[in-house]
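Below you'll find the structure I mean.
Order of writing sets the labels: A, B, C and D. Residues in every chain begin at 1.
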Amino acid sequence: MMGALLAQLPVQTPDVDWTGLLPVLLPSAGALVLLMVRSLVPSRVMPAVLDAVWTFAVAVASLVSVVVLWQRDAEVQAFGSQLVMDGMALFVTAVVLGSVALVAPTLPRYCKRVGVASAELCVLILLAAAGAVVMAGAADLIVLFLGLETMSIAAYVMAALNLRRLESLEAGLKYFVLGAFSTAFLLFGIALVYGATGTTSLDEIGRHLDTFILLRDGMLLAGSAMLLVGLGFKVAAAPFHAWAPDTYVGAPTPVTALMASAVKAAGFAALIRVFVEALGTRADDWRPAVFALACATLAVGSVLAAVQSDAKRILAYSSVSHAGFILVGVQAASDSGVAAVLFYLAVYAVIAVGSFTVVAVLSGQRDDRTGLDTLAGLSSRRPALALGLTILLLAQAGVPFTSGFVAKFSVIAAAVEARSYWLAVVAMVSAVVAAFAYLRVVVAMYFRDSGDEAETAAEAPKPAIGLGAGAVIVAAVLFTVALGVVPGVLESLTSTAAGL
Amino acid sequence: MLEAAWLICAFPLAGFAVLLALGRRLGEPRAGWVATLAMAGSFVCSLAVFASLMGRDPAERRFVVTLFEWVPAGDFSVDAGLLVDPLSVTMALFVTGVGALIHLYAVGYMHGDGDFSKFFVYLNLFAFSMLVLVLGDSLALTFLGWEGVGVCSYLLISFWFTDEANATAGKKAFITNRVGDWGFMLAMFWAFGALGSVRYLDLFGQADSLSSTTATAIVILLFLGAAGKSAQLPLYIWLPDAMAGPTPVSALIHAATMVTAGVYLMVRVNPLIAVADAWAPDVIAWVGVATALFAAGAAMAQNDIKKVLAYSTISQLGYMMLAVGTGAYVAAIFHMVTHAFFKALLFLGSGSVIHALDGDQDMRRYGALRAAMPVTAVTFIVGWLAIAGVPPLAGFWSKDEILAYAWDASPALWVVGIVTAVLTAFYMSRLVFMTFYGEARYGTEVHPHEPSRLMTAPLVALAAAAVVAGGLNLPFTKDLHFLGAWLEPSLFANEAHLSLGAGAQWLLALVSMAGAAIGIAGAVAVYLQHRLPASRVEWPAAARAFYVDETWTRFVGGPGRRAFEGVAAFDANVVDGAVDGVGRSVRAGGTLLRRVQTGFVRSYALLTAAGAVALLVWFLVRTSF
Amino acid sequence: MAEAVFAVAAVLMLAGAVGVVASRNPVHAALFLVQTLVGVAVLFVLNDAHFLAAVQVVVYAGAIVILFLFVIMLLGVDKAEELSIEPIFGQRPLAAVVGAALVAVLGTVVVTGADVLTGLRRAGGDRALDGDATDIERMGRVLFSEFAFAVEITAALLTVAVVGAVILTRRASRSDGSATADTAAS
Amino acid sequence: MDLAGLSVGWYLALSVVLFAIGGVGLLVRRNPLVMFMCVELMLNAVNVAFVALGAGLNDVGGQVAVFFVLVVAATEVVIGLALVVAINRRRSGATADDVSLLKG
């Protein structure tokens, strides 16, 4: 009946694989349902906890759909040729949804304490996740752009969501202004690439460049440069990183966790889609540019992390330096590079959510107590929490027996395989410098006695962790350590996803 | 039995796991016993593996036990496997043997400490990591153990972390080692890039196909890593500070085992050194001998008993590197083994002394402890004579062998080596005289006493080893070269051959004996006689005859002391300063970069736009018009 | 004829753009923006994009600029901005350099690369501009076939915008006690 | 499809100039509302480029892209203005330079 109706239409609508669409459909539908229920049901009937429970449930359900799709073992044309859920898309989708599932349990207590509207936050998180998934699966520059905007606009709002804190509004504004600015660059890039190849479909761009040798490739290359600006901004690659530390510090901490995990993962997925896959034949042109970005990012991230005195800001800059490491994998422009990038993304997403959750637990009533002095003597007040954060930080430093080591190892191995020895050197030197930053946090927790000022804090009740946040931290630490010992489980997944 | 070589690593790991789970419940002293038993079990396994390796034909004494696939990163797949060969088994034997004794000692030493069980958790984890380092069949696995021992060292140095200095020392060790580590990692990746594998046997099999430049680069980078771990110039600075940790840790990690890892690594990769340009081993030899001399000089000016031993360790490690650089791999391992015995002995002895004097480490407040602690004194004196190079104790034989090879390579190396030997004898004698002889300078409220049997038993065992270990590798005839013959399969015929005749060797040995004698005599003159002004008054002629004495006194009190203090000051200011300088320049760079992060959104936009222009310009360069 | 229209539209557009950047009063800037938008619409017409030209005028010049003016009035920020001072050192010269460099680099590439396009496009289909279908029909067909998914995503995008705007403009007054403490602090 | 005698290059050059003016405007203006207008200028430059390139390629794709850019521009304006309203609640008349608590 429906089919007959459709056949009469003058337009041929594309084929839709509804199962393949589930990873996008579930989060967006979940968001809409939550929005509707929240606006109809009075809040005294429906406790705020349910928002987070619902978000968690939706994320898990979407993850299940990802697993089902993964079993299919073939590329899924989810919506015509516009959304393709291949191995990489599914893996990044899993990272995005996994980050959402990890952040959700920490929300109820946080929102209550800080006074952030939890329903709207959850709606935005789910919609941002949907956007991120679209980015990961996009097979067309227009779709990629729309997914990116859905995710980014939700992220701008979420960054500013702690309306009572001026820093949060500032974070939102900075992120927004610079985001809009870089979006203009990205769009100009899309226009130029479209002009040079006659299409916005990534597949066709790739095919076009494979079959034709452009006599004049200026437009294509200028377009790639602009695309690199726009996507480099999203992943916070220097010199397009300047928003990241300020926004990370100002935004509500769970949102920061999502920005470091899901948003970053989606950004890198787009970077791989556009550069490694569509523009793969022009790798010789863009690799040196990514090389320079990676070097700058590593240097800026690690050096600036080492001189901060605020735990959240240290983590923010370290996130920049991690972006540098992941760029090292992108720069390799090979399947093993992609596999390494995916591995790093998954590992870092978990570490980031874990570390920022610890910060969120300690951040106090206004979500602004994040200086190193608040961590002073944490080892005696909350030994388990201190140990957890220490492990996560060691993982960020790339100490063996943690997942961070294997992640760094594999991106650097990919770089060496691609003969980028100097990049490997820079990466390792920056890892040494960044170790300073992580050590400062550890030293603050273990070796610094809480001074007179913090004495009152010690007398005050210990920071309440809460069941949700506690479970998330434990899960993150376990994941980090387990992968450090037996990374093979995840490595085989990333290799499959990267088509190795 | 060879297939069960994994048991060597499994025992300390099991000990670690048990203590981690139940340590607090087991409490003191049971937690210590569990840890010690784990080490003893590991030692027994090592012995069994050793025996079954002995039972094989020398050419077949190389065996890889594959455990599981560790990092399957594309082509970069790394299996976790154990390489059982004479070299690794030798290392495993003395790591587990000396380790077990030190564990035993620590049961007594850590008595009453609030974190008794935690200490043994770390100690067993350290032993496990060290054994992974030694037995790993690839650079990657060795690196894993390498990092593991680094972390444990860090944890143990700052074990009593309530003390700010300890925390700083731990940090220093961590950072300095990271510097060396990236050398190691780069070497590893380079090797992989060149040969497609990081497994030792693959590397060695294809070493000949390497270009000499690549081999040189790999060797130098590995040496950078080794210099960090084995405390060579200029990366040694963490080791003296590391003495902040409990004394058994100093004995186990910072004297006997971990710090020798760098030497082990260099010996392990001898086929690569053989392919490298000739200047690479020369660099190793000269860095080694310079470290040896420098640290010996610094040791002369120390008053902290553990600092003297720390510098002495650095100095001895320098000898080992000298041996590596001159191709005397057997001598390097030989000295490593003998050094493990006598230095562990000296550290444990100093621990007993510190224990007896309620934690005081300043030798100026020691003296005349011989009577109060006879066992410690006797064993300590054995250790002293061994390190000073007095025949027939172990140190004499191993040091002599190194010096012979040094002479063979370049007499200049030998001269520096022998000067170091004189200084070594001098400062060690000074240590012994100030501690066990002279008059008591400690307060009346202190009552030094012999520690418990638990602590003296390991001392006696180590002293016995320090006496007889020279027998492992006697120079007289080829048949007595036990260690050399045993290690041969691991050295791939890369061992240098001495061109010296027997007579020349005897002569060199005599010179070094004379050196030891001069050193000890000097110390006697300075630190024993001049403490007895009465006797001087009685023998004015003798005092005149002791012109040497006055010279020494004046030299040591005047220019000599200034020189040594200069060395110490150089250490404190320039070298520490260089490390701090790296930190400072990072800080300065950070401060500069922070200025870019103005907080103004428009500045950030400008940065973004400038970046965009830069990228566009780059792509424009690549454009074909 | 077309050249003349192009020239007029271009001048209109660029003058408007300069006006946006240079006018001290935000209300004037918004009006200059309308001028630019209309200029762009004329360029669309020149390229036979009649539908887009209409949308440009209705949505952009109509709705969006009105929204701008609305907020300017709502916040009472229609005061003139002091443009002679630049608090950030070096911002203006650097901005000028970057802007000039952008024009130079992009201009070179774009102008020399423009004739790459000739003959690049595959013939026919719904997408060709020279078919018999009208401008609106052509676009409708492509939007609802090839780009159907993109259209669907805009739904999510607009939802985000609505939810975001509602949250952000709502007064932060969930718990009165903390809200007063907050105002006191600021 | 004839281009009315004008090559695509002219449109593109115009678009580049408009883009640069918008970009420079964002860098030099302090009023956040004017900064958003400058972003609109940049987006319009992109639109001009898309339409011109589409015409040059004889392809409707450029116009379709413009359609989506319009949607995105509208949402961005909505969110941007909402942010400005929220900030003005806390600090009325705040310029972009005033909002610089976070730095370093």
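Heads up, the rule we're going with is that a contact is a pair of C-beta atoms (placed from the backbone, for glycine too) under 8 Å apart; a residue touches a chain by one contact, two chains touch by 3 or more.
This structure is a prediction, so every number in the text was calculated from the model and none was measured.
At the centre of the protein atoms shown, by the Cα-centroid criterion, sits A.
With centres defined as mean CA coordinates, subunit D is found 64 Å away from subunit B.
Look at where the CA atoms of subunit A average out and do the same for subunit B: the two points lie 44 Å apart. With centres taken as mean Cα positions, subunit C sits 28 Å from subunit A.
Centre-to-centre spacing of subunit B and subunit C amounts to 68 Å, using the average Cα coordinate of each chain.
Looking at subunit C, residues 88, 91, 94-95, 98-99, 102, 105-106, 108-110, 112, 114-115, 117, 120-121, 147, 150, 154, 157, 160-161, 164, 168, 186 sit in touch with two or more other chains.
Each of the following residues of subunit B touches two or more other chains: 594, 597-603, 605-606, 609-610, 612, 616, 620, 623, 625. Multi-chain contact residues of subunit A, defined as those touching 2 or more other chains: 142, 146, 149, 153, 156-157, 160, 163, 166, 172-174, 177, 181, 192, 195, 198, 214-218, 221-222, 245-246. Taken as a graph of touching chains, this assembly is fully connected, with contact between every pair of chains.
Across the complex, subunit D meets subunit C through its residues 1, 3-25, 27-31, 33-34, 36-38, 40-41, 44, 47-48, 51-61, 63-64, 66-68, 70-75, 77-79, 81-86, 88-93, 95, 97.
Note for the complex: subunit B touches subunit A at residues 69-76, 143-144, 147-148, 151, 158, 161, 164, 167, 171, 174-175, 178-179, 181-182, 185-186, 189-190, 192-193, 583, 586-587, 589-591, 593-594, 596-597, 599, 601, 603-605, 607-612, 614-616, 618-620, 622-625.
Touching subunit C in their complex are the following residues of subunit B: 598, 600, 602-603, 606, 609-610, 612-613, 616-617, 620, 623, 625. On subunit C, the positions that touch subunit A within their shared complex are 105-106, 108-110, 112-117, 120-122, 140-141, 144-150, 152-154, 156-157, 159-161, 163-164, 166-168, 170, 172, 174-175, 178-179, 182, 186. Within the complex formed with subunit D, the residues of subunit B that make contact are 594, 597-602, 605-606, 609.
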